[in-house]
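Below are two complexes that have subunit A in common, paired first with subunit B and then with subunit C.
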Partner chain A sequence: MRRELQFLGLFLACMAGLGAILPGVHLLALNQHLFLALNVLALNFCLGLGGQASMASGAFCGFGAYAAVILLERWPGGTLLIVPAVALAAFLLAAMISKPLEKLGEGFLAMATLCLGLIFVNLVLSFTGFTGGSNGMMVQAAPSLPLLGPLKGDRANFLALLGLIGLSGYVFSAVRHSRLGRALMACKDDALAASSCGIDRLSARAVSFGLGGAVSAMAGMMLANSTGFISPGQFDLGLSLKTLLFLVIGGPGRLVRPLAAVVVLESLIAWFHSLGEATILVHGLILAAALIAGYWRETGLPRLLLR
Partner chain B sequence: MFALYLAQAVNSGLALGAVYGLMALGFSLVYNSSRLINFAQGELLLLGGLVLYSLSQAFQLGPVTALAATAVFGFLLGHVLYASTLGVMLTAKPLRQLMLTVAASLIWQGAAILLWGKNPLKLDQFIALPAFRAGPVFLSANTVTSLALAVASVCVLSAFLGLTRTGRAIRAVSMNALAARLQGVNPVRAQALSFALSGVLAALAALSIGPQTMLRYDMGFGLGLKGFVAATLGGYSSLSRVFLGGILLGVVEAALTLAFSADLKETLTYALLVGLLVLAPAPQHRREKV
Partner chain C sequence: MLKKLVTILAAACLLAGNAFAADPILIGGIFAESGPTAEIGTATRLVAEMKLKEINDKGGVLGRPLKLIAYDTQSTPEVALRMTRQLVESDKVLALIGPTSTGEGMAVKKYTEEQKVPVIMTVGGDAIVAGGKYGPFEWTFKVPQRTNTAVEKIFDHLKGKGLTKVAVPSAKDPFGQDGLEAIKALAASKGITLVAEETIDSKGTDFSAEAFKLAMAKPQAVIVWTIGPAAAIAAKNFAALPGDKPVLVQSHGIAGPNFVKLAGEGAEGVIMPATKLMVADTLPAADPQKAVIDAFVKNYAAQGLQAKFPMNTHSGYAADALTLLEEGLKKAQKPDAAALRAALENLKGVVGVSGVFNPTPQDHNGLATDSLVMVQVKGGKFVEAK
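Let's look at the complex of A and B:
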């Protein structure tokens, strides 16, 4: 665990160093990458610990963003109450959803959670009175902390994102090396054997799914504050797919590698944005190459070739 | 007035249901042979339709040549998809295979944008059957054509899987890949063939839907997902039930459009899928991947 946290510290230090030298526009882009990294970390609780491939990241992220923006607009001074309350609500919602879905296999769980993501977007579009529908919502009030004041500006959001990644990474590592983490690993390796050993699979996985939902909701709150505007398009299927893709590329269950994969690959993809209509094709090619390279590495093909 | 609306809903529901049914058949063929949920199924429809569009611009296609071209290019596209996804990572973890189909879907969509642009393209109606009217029931020419095409496809596919040696090999791999291998069947070849057949079915679906809604670079994912819902509704095991799942989904969707807004209709459709997945006995528990 110590070694893992050392690597996380190194990653955060590198990011902090990068953030210190980057100018405004690039810092905004880095914030977007870190937002995605936080989402990947959130999904790691579900997939890396519990072995559940979820595509509802966008939904939980959007839930956090919309709930925080709506509540902060009504009670601008209630940050200390609203942020934990929204995270707790996301935890409970995710844990509740996880129970009936637990029995589904990897692919079917992914499809069911993908539908939950689509349902969330459609509900946001339907209830225009609350959410602004497809036009989205302006963020009226930034979260404000005692002594620190309102969280405004790219640099403040950057530091808050780093802090959240550090905290979530620590929780991830602590859970993995706890009794619950070992139970989750057993469920992931062999669900039937885990049940016969007396592990309450539903509850253990509900906790990991809930933690993932809560971290995603926090990421959503950060995104809303960072961009100053939210719309359903920010939390659509693309976000969930990207999150799962990066986690699969980085390796579910690992702490730092998926985060590094997000920063490196997202920067690479952003670099190719100038290609215009070829952008989607290049995105696909980069992701496919990363997936195939990861598979070759797992099967030891590079070593075979070197021999 | 209500009866008129209902007749219209049945008409459009059947037309859409035929397309969903074809997509669902492709999904279940691939799922049964390889236990893989193919995210790029919708892109097979898109590319199949676009290739046919280009062919129709270059040559004068009659009904028979259009059908033959659909079958040939659908088969080839399905094979290419297999070779670039499952074929590359046969022994990978299922989640990595599934994610590679997501990446393939992006690549194919990107290729469609580069080659055909982002504007919707209208596919000609190559097979024109007459409209049908019986009392209050009215089926437009498009609906009759889509239904006829879909039903004929189900019959041909059933005959192929039931009567030919290759078809029986695919079914054997679907039931038990290890036992099939012990009997001399090559499971990899059967999986590749399932992809190719699902490519043919997707291209036929494009032939049905192209003249109705036009072909757009981003239409694949939504249709693929509806195919998955239909396949789940049909239970994956029987061709006719899977196809009927598609028809049912199309009609239910059209009826929901009458009562609710489009967004709420989508919400209810996806909620139906989640409910089905949770409540229905899941096919993934039946067999382990070999």
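Let's look at the complex of A and C:
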């Protein structure tokens, strides 16, 4: 755990250093990458710890964003209550949903979580009075902290994101090295054997799924504050797939590699934005190369080839 | 003698060089050149470049050329915001044109309103300039007609034909919902009755069930409010209905060769509001837009754009954005953001490809129903609907 936290500390220190020197628009780009990194960390709770392939990252992210924006609009001074309340609500919602979904079995869980994403988008489109429907919502009030004031601007969002990644990373590492973490590892390796040993698989995975939901919700709150505008299209299946992709590239179960993968690859992809029609092709090639490199790293294929 | 000649030549070169030695006025462009809306965004950028060249060939504005710095938004709001900030903070542009979709526009709008940068948007959604819960629009302008304007045009046409009972299948996306809201809001005042409505998925592949359900309500006309392939699929489904079919009307975002190609026989007889670009050949000489549209069509073909992106009802938006910018700068008499903004919202009678613009401080679009014509598909071509 100590080594893992040291690497996390090093990653955060590098990000802090970058954030200190980057000008406005580049800091915004880094914030957008860190938002995705936080989402990847959230999915790591589900997949990396619990072995649950979830396509509901977008839905929980959107839940956090919309809940925070709607509540802060009505109670602008209630940040200290609203933010933890939304995170707790997401945790409870995710944990409650996880138990019945878990009974579907491995293959169907991903499909069921995909449905969660569709349900979320349709709910947002249906309750137009609260959510603005397909046109989205402008963020009217930023979260504000006592003594520090409103969380406005790139640097404030950047520090908040670093703080959340640090906190979530610590919780991830702590859970992994706890009794719950060992139970989750057993469920991940062989769910039937774990149940036979007396591990309450449904409850254990509900906790990891819930933690993932809560972290995704917090990521959503940060996205809303950073962008100033939210719409259902930002939290659709595309976000969930992208999150899953980067976690797979970085390695499910690893703490820092997926975070670093997001920042490095997204920065690389953003660097090629001026290629016009070739942009999508280059994106695809970069991600394919990263996936292959990740696979080789896990299987040790380069070492075998060299022999 | 030789000395005199050299002196005259040198002076001539100096003068010619000085004609455009002035710094260019920087204009930012944000277009989706990759991702789902790349086809629209790429065509928009090319039209913008074409119009820019036309303006610069005539001497630029205020004695300075315009320079377009364009970035790809990748069809996503987050990247659109990032590119906008790059243009404003790093490239120091005076004003912006674009982006391609309403979602990108809304993401950009909050920033540009805060930073007081004039933006002339080429997006379809009305939320951009609606105010209220969608935020202020002091620095935001919109080129495409408002949805209300298109709906009013449709209702006037239907009323003229004695068709007062309508049914509406509309998409769940911002464009579809804008249309449904406008139809519901204007129906009563125009003497139109909405007898049935259905929601369709703009990415759907078959709407036969919805078509049948709506037909059961016995509407005299069906107004389909969506864009892209879904509109063509809906046209095919309604054409396949048994018995007497209602008149099929499409939204103002459909008129173009793609719709005819995709809908096939289902397109025949369908009516829709469109910009006068779609009937350029038959516009009367007295039409105030005739000269501008003819020049645009000629230039569009000459630049090779017609072959790559066959002209449709949207083709002129980027050109109109730059026309408004040009006229705004001339009125403002200086390349200053605040002066440009004030000038833009007080322009009168600016003749564009999409209509004659008369923006006001309350209406940052400035197009009325006379900017649209009702067209009908006949023999695979668009003709003015009678």
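Remarks
The working rule: the second predicted complex is superposed on the first by the 302 of 307 C-alpha atoms of A that agree within 3 Å, B and C clash if a C-alpha of one lies under 4 Å from a C-alpha of the other, contacts with A are read in each partner's own complex, and residues count from 1 in each chain.
Note that a residue touches a chain if its C-beta (ideal position, glycine included) is under 8 Å from a C-beta of that chain, and two chains touch if they have at least 3 such contacts.
Treat the numbers as computed from the prediction; the structure is a model and nothing was measured.
With the two structures aligned on subunit A, subunit B clashes with subunit C. Of the two partner chains, neither subunit B nor subunit C is touched by A:L92. Applying the stated contact rule after C-alpha superposition, one finds that A:L291 touches subunit B and leaves subunit C untouched. For subunit A, the partner with contacts to more residues, out of subunit B and subunit C, is B. After overlaying the two complexes on the shared chain, residue contacts for A:A110 are found with subunit B alone; subunit C is out of touch. When both complexes are overlaid on chain A, the residue A:I280 reaches subunit B and subunit C alike. Contacts of A:Q32 after superposition: subunit C is touched, whereas subunit B is not reached. In the superposed model, A:L245 lies in contact with subunit B only, and not with subunit C. In the superposition on chain A, contact is made by A:L101 with subunit B only, not with subunit C. Once the two complexes are laid over each other on the shared chain, residue contacts for A:L125 go to subunit B and to subunit C alike.
When the two complexes are laid over each other on chain A, subunit A has residues 122, 125, 277, 279-280 in contact with both subunit B and subunit C. Partner subunit A is touched in their complex by these residues of subunit C: 33-35, 38, 42, 71-72, 74, 77-79, 81-83, 85-86, 89-90, 102-103, 106-107, 109-111, 125, 127, 133-135, 172-174, 176-178. Within the complex formed with subunit B, the subunit A residues making contact are 47, 53, 100-101, 103-108, 110-112, 114-116, 118-119, 122-123, 125-126, 237, 241, 244-245, 248-249, 252, 277-285, 287-288, 291-292, 294-295, 298-299. Those residues of subunit B whose C-beta lies close enough to touch subunit A in the complex are 35-37, 84, 88-89, 91-92, 94-96, 98-100, 102-111, 113-114, 117-118, 221, 225, 228, 261, 263-264, 266-267, 270-271, 273-274, 277-278, 282, 284-285.
Residues of subunit A that touch subunit C in their complex: 23-25, 28-29, 32, 122, 125, 128, 132-139, 227-229, 231, 233-234, 270, 273-274, 276-277, 279-280.
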